[in-house]
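Each chain carries a letter (A, B, C and D) given by its place in the written order, and its residues are counted from 1.
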Amino acid sequence: MSFSLRLPVRFAHVDAAGIVFYPRYFEMLNAAVEDWFAARTGIGFAELHLERGLGVPTVKIDSQFVAPSRLGDMLTITITVERLGESSCALRYAIECNGEDRVRASAVLVCMNLDTGKSTPWPAAIRDRLAATDMIAIQSVA
Amino acid sequence: MSFSLRLPVRFAHVDAAGIVFYPRYFEMLNAAVEDWFAARTGIGFAELHLERGLGVPTVKIDSQFVAPSRLGDMLTITITVERLGESSCALRYAIECNGEDRVRASAVLVCMNLDTGKSTPWPAAIRDRLAATDMIAIQSVA
Amino acid sequence: MSFSLRLPVRFAHVDAAGIVFYPRYFEMLNAAVEDWFAARTGIGFAELHLERGLGVPTVKIDSQFVAPSRLGDMLTITITVERLGESSCALRYAIECNGEDRVRASAVLVCMNLDTGKSTPWPAAIRDRLAATDMIAIQSVA
Amino acid sequence: MSFSLRLPVRFAHVDAAGIVFYPRYFEMLNAAVEDWFAARTGIGFAELHLERGLGVPTVKIDSQFVAPSRLGDMLTITITVERLGESSCALRYAIECNGEDRVRASAVLVCMNLDTGKSTPWPAAIRDRLAATDMIAIQSVA
């Protein structure tokens, strides 16, 4: 199922208009992806990158900024796996505040061999864990 | 025509894998939008936001990260106006390095009244300037 | 007493050498200041800035980066009030990982009237709360 | 002598109060250090880190934010070498806008072996170039 992370809109996120500067949303999404990946696979990004020599770069992301978010808003970022390929993964992201839509996005991540810089099939153990859809995890530590 | 800004890939842009962390590309695109807007309309973002009470938030952006960029790469960011609406503007972005595709994106920006937080028609003078397509500007100051 | 916030070292924080890029530490410190201020005074930064027209800019910060922090490290940021002035506040920051020193810093923040851009005495209610040193708060939500 | 880099205050740099969020100044200083180092030694950060396995982390920085900078301000960042040690370098930074002081800082950088994570003496060629004080370079490309 889906995975959620709650994050406050901080001073560092907002612009002169007092609303979240949109590049900051992608930093938040990446934080959620880190936690989702670790929760699903048991492998943190440190182990993945530094010990296993793998990365999961985003190769495509389509985003809609539905409504502005303001300083102090508590955001809920939800990640849903849409499709799991041989060496890729399609994710759907939703950022909400009290049930109100803020951002909708869909992304494709690939499993990359950091040595070659090329995509590589998911290790079986990782793929199996990402494919498990019967889990619901709500995490609130940023 | 199109507008270009050249920016180096800096230490602040890259991640542990030595490649540009994708949220940083959106900061670069925003820098290019600032310079494009000022070059086209003669109005900087400071004047736009602080004196005129207008903003141009991005409401939609679809992005493809075609190939990774590395520390020290000199990137060229090109902005092309695709369509100019009553209160919106569709832009196409390309980020290249020595003619090699790195990022392709298309975005919609709206003219927003910062007091109401709602979209508002472009002021005629701004719209006329954005509509002028016979200009080519190459800027290399970041 | 002191106030603490726990934050993980995320992908967004590290550089090509795999360690925290030092400007990111200041974003973490600012996050801790936001939470400290809200915990101490009951006033979030949104209310402070947007409703009360006050800010608390950092006017001075001296920092030592004692040891590098790496992706996945769980950091504890501790804030201690050193001195509370008429319109300023001296804070001591410590960032640690499992009891190991990472960053030591001391800063001066001032209470600023956002309209005039000048320092202004702390409102009595805020000053009284900041002066209360008998509280210990451990917060772990980022 | 000193080295200067000119950078505009961009939308990405300012906070809800419309002034530069202080962690962004450190990103600007780091950009200036990159350009200073490349101009002085002929070695870019990419070559330094990726080919030579060396880094120049900041181990200490003391900063004063003398006056706020606003969206659209054109800043001049000046770097002066204060002292060159066996494996370290003390730098003085000044950020000004039209001759008006904005930030004053002094920092110590060390030459670090990225494999061992420990400081190492400057390679002679680099040290000699950093020691050459008869150069004045004004660079305006960000």
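Criterion: contacts are C-beta pairs under 8 Å (C-beta built on N, C-alpha and C of every residue); 3 or more make two chains touch, one makes a residue touch a chain.
The UniProt protein names, listed by chain, are A, B, C, D = Acyl-CoA thioesterase.
Small disclaimer: the values here were computed from a predicted structure and weren't measured.
Asker: Can you tell me which chain lies farthest from subunit B (Acyl-CoA thioesterase), using the average of the Cα atoms as each chain's centre?
Answerer: Between subunit B (Acyl-CoA thioesterase) and the rest, the longest centre separation is with C.
Asker: Would you mind telling me which chain pair, A-D or A-B, is linked by more contacting C-beta pairs?
Answerer: Spelling it out, more C-beta pairs touch across A-B than across the other pair.
Asker: Find the geometric centre of each of subunit B (Acyl-CoA thioesterase) and subunit D (Acyl-CoA thioesterase) from their Cα atoms only, then give the gap between the two centres in Å, rounded to an integer.
Answerer: Their C-alpha centroids are separated by 27 Å.
Asker: Averaged over CA atoms, how far is the centre of subunit A (Acyl-CoA thioesterase) from the centre of subunit D (Acyl-CoA thioesterase)? Could you give it in whole Å?
Answerer: Subunit A (Acyl-CoA thioesterase) and subunit D (Acyl-CoA thioesterase) have C-alpha centres separated by 33 Å.
Asker: What's the distance between the Cα centroids of subunit A (Acyl-CoA thioesterase) and subunit B (Acyl-CoA thioesterase), rounded to whole Å?
Answerer: 24
Asker: Going by the touch rule set out above, which residues of subunit B (Acyl-CoA thioesterase) reach two or more other chains?
Answerer: 11-12, 16, 18, 21, 23, 27, 30, 49-50, 71
Asker: Which of the residues in subunit A (Acyl-CoA thioesterase) end up touching subunit C (Acyl-CoA thioesterase) in this complex?
Answerer: Where subunit A (Acyl-CoA thioesterase) meets subunit C (Acyl-CoA thioesterase), its residues are 6-8, 10-12, 18, 27, 30-31, 34, 44-47, 49-50, 70-72, 140-142.
Asker: Going by the contact rule set out above, which residues of subunit C (Acyl-CoA thioesterase) touch subunit D (Acyl-CoA thioesterase) in the complex?
Answerer: Going by the criterion above, the answer is residues 16-17, 19, 21-24, 26-27, 30, 49-50, 55, 57-65, 68, 112, 114, 117.
Asker: Can you tell me which positions in subunit A (Acyl-CoA thioesterase) touch subunit D (Acyl-CoA thioesterase) when the two form their complex?
Answerer: Residues in contact with subunit D (Acyl-CoA thioesterase): 11-12, 14-16, 18, 21, 23, 71.
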